[in-house]
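By letter and in written order, the chains are A, B, C, D, E, F and G; residue numbering begins at 1 in each of them.
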Amino acid sequence: MTVQDYLYFVILPILVISMLLVFYRFLKGPSMPDRIVAVDLLITIGIGIIAIYSIVSDRAPFLDIAMVLALIAFLSTVAFSYYIEKKNKQE
Amino acid sequence: MTSNLVIVPVLWQFLIAVAQMFSWFNPRLQRKLSVSGNVIQVLIASWLLTEVYRQGILTMNAGKWPAPFGIVFVSDTFSAVLVLITSISGLAVSLFSLANIVEARMRFGYFPIMHLLFAGLNGAFLTGDIFNLYVWFEIIIISSFVLLTIGGEKPQLEGAVKYFTLNILASTIFLTAIGVLYGLAGTLNMADLALKVAAIPNKGLVEVTAILFLVGFGIKSAIFPLYFWLPASYHTPPAAIAAIFGGLLTKLGVYAMLRVFTLVFFEDPIIDTLMIILAGLTIITGSLGAMVQTNVRKIFSYLIISHIGYMVIALGIHTELAVTGAVFYMIHDIVVKTNLFMVSGLLYRVQGTHHIDRLGGFYQYYPRLSLLLAIPLFSLVGVPPLSGFWPKIDLFKAAYLEGGSFITICLAFGTVITLLVIARVWAEVFWRPAENLPERPNFRFWHLFTLAEKIQYITPIALLSAVSLIIAFRAADVHRISQKIASELMNPKNYIQTVLPDKSAEQQ
Amino acid sequence: MRAKFLMNNLLAFVWVALTGALSVKNFLFGFILSYFILWLISRGLGSGNDSGQKYFILVPRVIAFFFFFLYELLKANLQVAYDVITPKSYMAPGIVRIPLDVTTSLEITLLANLISLTPGTLSLDVSDDKKVLYVHGMFVKDKEEFIRSIKQGFERRILELTR
Amino acid sequence: MNELLILGLSTLGALFILLAAIGFVKMPDIYLRISVTTKAVTLGIGLMLASAAVHFGTESIVSRVLAIVFFVFLTSPVGAHLIGRVSYFTGIPLWKNSLHDDLKGKYNPTTHKLSSSETTDESDR
Amino acid sequence: MEILLAIVTGLLYGAGLFMMLRRSMVKLIIGLILIGNGANILIFLLGRIAKGKPPIIPADAKVLTELYADPVPQALILTAIVISFGLQAFAIVLFKKVYQALHSDDLDTVNTIDDDL
Amino acid sequence: MKSIILKKASDYLLPLLLLFSVFILLRGHYLPGGGFVGGLIASIAFVLHSFANGLNETKHLLRIHPGFLMPLGLSVSLLSGLYPMVIKKEPFMAAQWMKEPLDVIGLVGTPLFFDIGVYLVVVGVSLTIIFTLAEVA
Amino acid sequence: MPLETGFGNYMMLIAVLLGGMLSLFLVIFKDYLRDGFSAFFFLVPLAVFTYFAVFFGSEVPALGLVSWQQGMGVHFEWRVDGLSRMFALLISGIGTLVFAYSHYYLKGHPEKFRFFGFLSLFMTAMLGLVVSDNLIMLFMFWELTSVSSFFLIGFHYEDRESRKAALRALTITGLGGVGLLIAAVLISTVTGSFSFQALLDQRETVLASQAGRIAFWLFILAAFTKSAQFPFHFWLPGAMKAPTPVSTYLHSATMVKAGVFLLLKLYPIYSALPVWKPLLMTVGGVSMVYSAAQALFFTDMKSILAYTTLSALGILVFLTGIGGNEGLVAAAAFILVHALYKAALFLVTGIVDHEAHTRDVTALHGLRHVMPGVAVAGAVAALSHGGVPLTFGFIGKELMYESALHAETSPVPIAAAFITGLLLFAAGFWVGFRPFFSGREASHTLKHPVSLWLQLPVYVLTAGTLIFGIWPAGAEQMVHALVEAAGRDTIKVHLELWHGFNTVFFLSLATIAGGIVLYSRLVPGQSIALKVEKLSYSSVAIYEKFLSVTKWLSRWYTDILQNGYLRWYVMTIMVFLLTLVGYSFYHGVHIYIDFKKISEVTLYEAVILLLMIFSIFYILLAKSRLAAVAAMGVLGISISLMFVLYSAPDLAMTQFSIDTLTVILFVLVLYKLPRYINISSNVVKIRDAVISLLFGLMITVLCLEVINEPVNREISEFYAENSYLLAKGKNVVNVILVDFRGADTMVEITVLTIAALGVFGLMKLRLKDNEKTWE
């Protein structure tokens, strides 16, 4: 078993299973912040998947995607928080 | 022949728009740029047409990449003629906007967006690449959305929701069709597609693709039963905007269909039959709709639908005769429909309503103006020898010879109803005495207009009326051009050879 | 002025890191680029007024701080991991009010982020007068001890860095 | 050597992430969920990226990985803070077994101003 | 794999249509976005998919020689995504404006215009 | 949103993101990235700043209305296409490259300027849309 | 036949267009002309009359051609033979009289010059029609007569009835016009041109062809509508809303005869059809009897004349139907006869109306005292109308009886002709005799004597009636030429005053006797006419009913389709697409999947797709808007990851950044909205779900089928090879975007710009009330 195989057959499955778990929480909620955190987590795990995938496929350019994800994922969290805060102020 | 001239009509509009965006806070300058720019545009378009007439099909390989690898712009006679007609209509609309569009709208980008719309139209007419056609379609769609909603009046918004949704749906179907086509043929250049699609053994899939294109373009051209967005929206924006829409946008769909269904997809009896049925139903639906409307602009809107049917006939009857008639009709229709919506704007300006039951007395007050307005109205009807009449000869002939009795009857029906509807408009709007005119909120007597305003209202209408009269009295010339276009469309070999000189050489 | 110069250098380094080409020219390019960006946004950044000397003492402290942080991170992570894995819960969560000694926004932010980054604690908010930090903790059996650990740990070290 | 390092780093990272995911599902209230996940995942990602850096080994990749890690470490606690405070004043309750709530009543419901005063409300529950 | 992807594509189109057939304007926009995504994936899928072979020429090479994913659909989708973004942005704002004018998210309140005016 | 933490973080994130966006823009010809993504990242940077500091701060910082970046970017792109056509008598958009690559930036040619135009337009567009919405909403 | 060339051709063109030129002159200069200027207008038709009278002898038909739309086969192709000459002379001759008459009749009328404009335009149309030897040219002038008639009927446009009548006339004649156009086109598909001469030359081929036979019915439609034959007759009485000179000129003497003209012109081609004779005789016969009877129900002089005109048109069609020498001669003579007496009667009516301000025969009597000359003229015209010997009307009636008598063995035709003659006699007397000669005292007094401008035209016409009545041989040559032209036969026409004591003579006597009895017994009254009109089976009523039903149906049809519900529109379009594609799949695509071309599924791919599927369903079912938006975020991440897996790094980046921005947009917009609505019933949901499912299925199947097909990678190979070497970039996607397909990107950023400008304008622009377009 090469490192590649290990990453492919062990690490990637672990990561996608984590994704499923997080997604389960997304579906379950119960509150909106839960879902927002879930989305944020999914992105972050996605970064991990991309990192591993770049090793598996031996393509460094994929890491750049991870970089972009890391940079701007934060903004949706900010936006959702902004939304909830503003919405609450209305009431 | 390769020539950069092909792209100039597009780039020129871009330049005007950019210059206007830079003078965002100076609507006066924008107005001047618009009118003078469009005058030059007409010259450019005439030049292009002359060159195409002299040298044959012109191409321009963007980025110097040979077709089919880069995007190629192609101007055959059809494209060049449409660019010219668009430019003339554009000039008229540009003049008409000066008085018809309130300055508030100009301060929010009316002019640059209008010019980008023209750039889009010219681009769509001139491109030789199917995906590039899609992006031009998008530029047209988005600018028409913006023009439709600019000002944000309630009826405009309501109309826009429908216009928007259904047109986006159309684009998406179009995009899907492109995806499928690329999956099948692996190319996007239309001439190359012509060669490669012909070589695809699975004709069933090609037919499905053709249907996707048909529906996508069908929505844009407002054929039955895909036209719903048109009567829901065309009567809502200011007249100058409605004039661009009414004259040009649906015709673009027809252009795309004519192009794609003569170049890429070969004759398919099922689609031909379908097209004939659709053309007939389009004529009938539009006519019936026009009969019952009471808003002048809605009447015109339904007439647009009805007359789209005339052009769609050519797609059902794949003969040079039918295409000649359709192309001739298209040339006439662009000019006249643009003019009609400007007429509706003038009527509104002096009467303060679009409603046929409240309009009236126009003849009584403005007999000479009425006479001018009668030209587009009766040109539309096709009272001989006005422009709408000539293409009908070929259309009727083609319909009878190849299309069968159904389409012939529909064509006759459409002709009679158009006559009735316009006669009714004449009787109700021009003849019937007006009531309570001065009490209306937007009412203003014509003689109270400033001279500049009068000129800005009259010149464009007169310009387009003159063009339609020229079309009428030089019908044989227009007919000859239409025949040339039809023959180019029906025998695309020359087109393919010009775009793909190497490939065609290989094949021989 | 000095702060800006530092910032500028920092950004130029980041540029070098990003492009991965460590050369004088690249650094200069990054410098010019970040100069431009700083100029672009100069109105938006609060003008720093810390003296320039710090720059030289700062480096060793930063390194020490970094290792302290790593240690805390690992330790707390294991603690939480244990609690997540084992079915029995040892959790005693709660929101705790922590009066602050740090005063500048930078210090507060640094502190809050570090607290959040270590497992089991989460900075919820800072009071509008910047005097109090509200922290959610997973294991707050003893509130005073909890407050003390934060004040003695992260806050003290941050103050060492910035003052 | 490199391979072992990759194995170690990625395994550790994957475990942290898995742990965070499990915690995210298991934890009883939003604050705990945020608390558990933010850092575990941040750490996990850092380790994953580190293994990639080891794998490619080039200067540019390493510096890029460092940059990403820096970004993540900078942004994720801020995000956690934002979501956490928003959760609080939208009234999402703490877990029933929570011991303290010093924030209770400190937010002005209309202005969202947070006061620093030490009122009597902070008593244990 | 292609089968699954084809199913997802179909699902996106179907779901988009279903949302467009609702009365809520927000749902309409979501529907349009879904169909748009569907179209992108369709182009992607029909351009044939390839795993782990981005069409980027390696630093030490001058041409792409080994297997690579077809870059054309990618470029098309990129253009399409960007264009849809423009349209979506406009749609969202249009919708906001309609809501301001009509105080309703219900599409059935915007059909006065088809009656005579 | 009033959050000291966010505000402080955004002070650092803004220049970082902008830098990053230029990085992404310039490398697009060789590696993933380009004017479009670069522009998006730049605009996201400003949006983030506006979330943290309020719209007026961000506008103040930008000096000009972001809308003017649109015609600016369009002209840059258009000119990079027109240059070969008008000056070199070649087809529209026929790429013109400098003979030798520059350091750091690499080979400079009209496609690069084209991409810069894209970048500017994207920044202008995103910011115009979002600022308009944020102001009115 | 000599073909005119050069100057002669242009002379003809000028003669035809002279009226049009006058019309154009009036449009431009009418505001600068003094009222009296119109006194010169009659010179225009007079010149034309002279031209036709002098330059075209009856011996030789003349042909000519001024080429116009070269290549479309449409030219100013003219032919002057006996038929067109007679019509041309009538048009220009009566035109001269009407022009002169109108000069005084409309004295001081503010719209006088408009009136003359249309009148002279009409003259051009009518002249063009009768000289055209090109079917399209003929159609063109035919339509022009309809249009100018429309404007003339609507001359008093402020009157609702006038507008209605004008519309009605245009509807009916327009219908016929379209028929004529199609007929012309059909003929051209057989003969290869629009030339009438070609049609004549190839008449056998035409008759044998389907197109030729369909064309026949369309020609008939055109002729019957124009010449107001039953059941299309109802537009003509309404047309009497036009000023009296118009009624004289258009709706009695000339335009309405265009249909008859067409029938006569087609006679050599279509009279060979077995249906010709029965069709024309029946329709003409019914028209003549029915209208003659109706004429007696009115008291308005013009209405009476309108119905007698209808009857006369019926007679003409009837006679054309009989055909042969006798029928044609009778028809030809009757055209002239009718033109003379009917024009006179109309003009007399006009004088009475002008002087007494009423046209009600029951209110008029003894006018002989105030306008003796007019009274005599009226009486002469009435006598001619009744077919009394020594008037031209007598000759006409004799010929009609004779041909009716010989037409069939059945007595029906002659009976119909006799009844018609009887009724017409009485009707003519009511108009031409009764207002002047009944009663002792004049019902009205005049302020001035009747102007000579009004009287002279009447005298000219009555003189013609008398001259030809006494000396019928004078008209012989014209009638002969017409018959020769129509019949394509050289026969000798002999018109005589005295035919001896035969059946026809006794019938004539009986007509006069019966007519006198009828005239003296019947009291004019409107009541019957009103009753007839009220009966729902009268033509007008049926027409109106038809119109309203059509309108109702159109409204219903239009509203069903365009019902305002966006989702209905979407559904219709999609169902249409589904049906077409479904049909195409069904008959043309063999559905199979080649598993060799399908790659295997791995866990992580499956999970990512699962994530996509779940988030899609979540979006569908989400109760909260924000949750739906968040799920869109999840969908976006999954799509990005998929793009990463399948080697599209640029796509992944872009997709992700765009999704982030979209979330921000939603967030900025959504927070002020009311509750997320969910109103559809379950039935509707299930229906929509089924449609959506089918649509999705269609896409899935389509995808799988396309994947089966072979791939052509010519383009992408070119990019792979040349991206670096020629375009100097290594990220092929980016090189495509900025170089290979840079034009797409140029447009794309423009789209974005416009969208941004749109958003800006939409949110920021607030129109003031006076800037709004909508009321």
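Following the convention adopted for this analysis, a residue touches a chain if its C-beta (ideal position, glycine included) is under 8 Å from a C-beta of that chain, and two chains touch if they have at least 3 such contacts.
Source: prediction; values computed, not measured.
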item: Most remote chain, CA-based centroid, reference being chain B; value: C
item: Per-chain CA centroid nearest to the all-protein CA mean; value: B
item: Between chain D and chain G, centroid-to-centroid distance (C-alpha), Å; value: 80
item: Rounded Å distance between chain C and chain D, as computed from the means of their C-alpha atoms; value: 14
item: Inter-chain centre distance, chain C versus chain G - centres from mean C-alpha coordinates, in Å; value: 86
item: Geometric centre distance via CA averages, chain B-chain A, whole Å; value: 48
item: Junction residues of chain B - those touching two or more other chains; value: 14, 21, 62-63, 131, 135, 138, 142, 145-146, 149, 152, 154-155, 161-162, 165, 169, 176, 180, 183, 188, 231-232, 236
item: Multi-partner residues of chain E (at least 2 other chains); value: 20, 28, 42, 45-46, 48, 51-54, 56, 72, 78-79, 82-83, 86-87, 89-90, 93-97, 107, 110-114, 117
item: Residues of chain D whose C-beta touches two or more other chains; value: 22, 34, 42, 58, 61, 64, 67, 71, 74-76, 78, 81-82, 85, 112-113
item: In contact (per the touch rule at the top): chain pairs; value: A-D, A-E, A-F, A-G, B-E, B-F, B-G, C-D, C-F, D-F, E-F, E-G, F-G
item: Partner chain A, residues of chain F touching it in the complex; value: 1, 6, 13, 17, 20, 24, 31-33, 37, 40-41, 44, 47-48, 51-52
item: Residues of chain F defined as touching chain E within the complex; value: 30-32, 36, 125, 129, 132-133, 137
item: Residue ranges of chain A touching chain D (in the complex, touch as defined); value: 3, 6-7, 10-11, 14-15, 17-19, 21-22, 24-25, 31-34, 36-38, 40-41, 44-45, 47-48, 51-52, 54-55, 60, 63-64, 66-67, 70-71, 73-74, 77-78, 80-81, 84-85, 88-89
item: Residues on chain E engaged by chain G in the complex (per definition of touch); value: 1-15, 17-24, 26, 28, 30, 33-34, 37-38, 40-42, 44-46, 48-59, 61-65, 68-72, 74-75, 77-79, 81-83, 85-90, 92-97, 99, 103-108, 110-115, 117
item: In the complex, chain G residues that touch chain F; value: 649-650, 653-654, 657-658, 660-661, 664-665, 668-669, 671-672, 727-731, 734-735, 737-739, 742-743, 745-746, 749-750, 752-753, 755-757, 759-760, 763-764
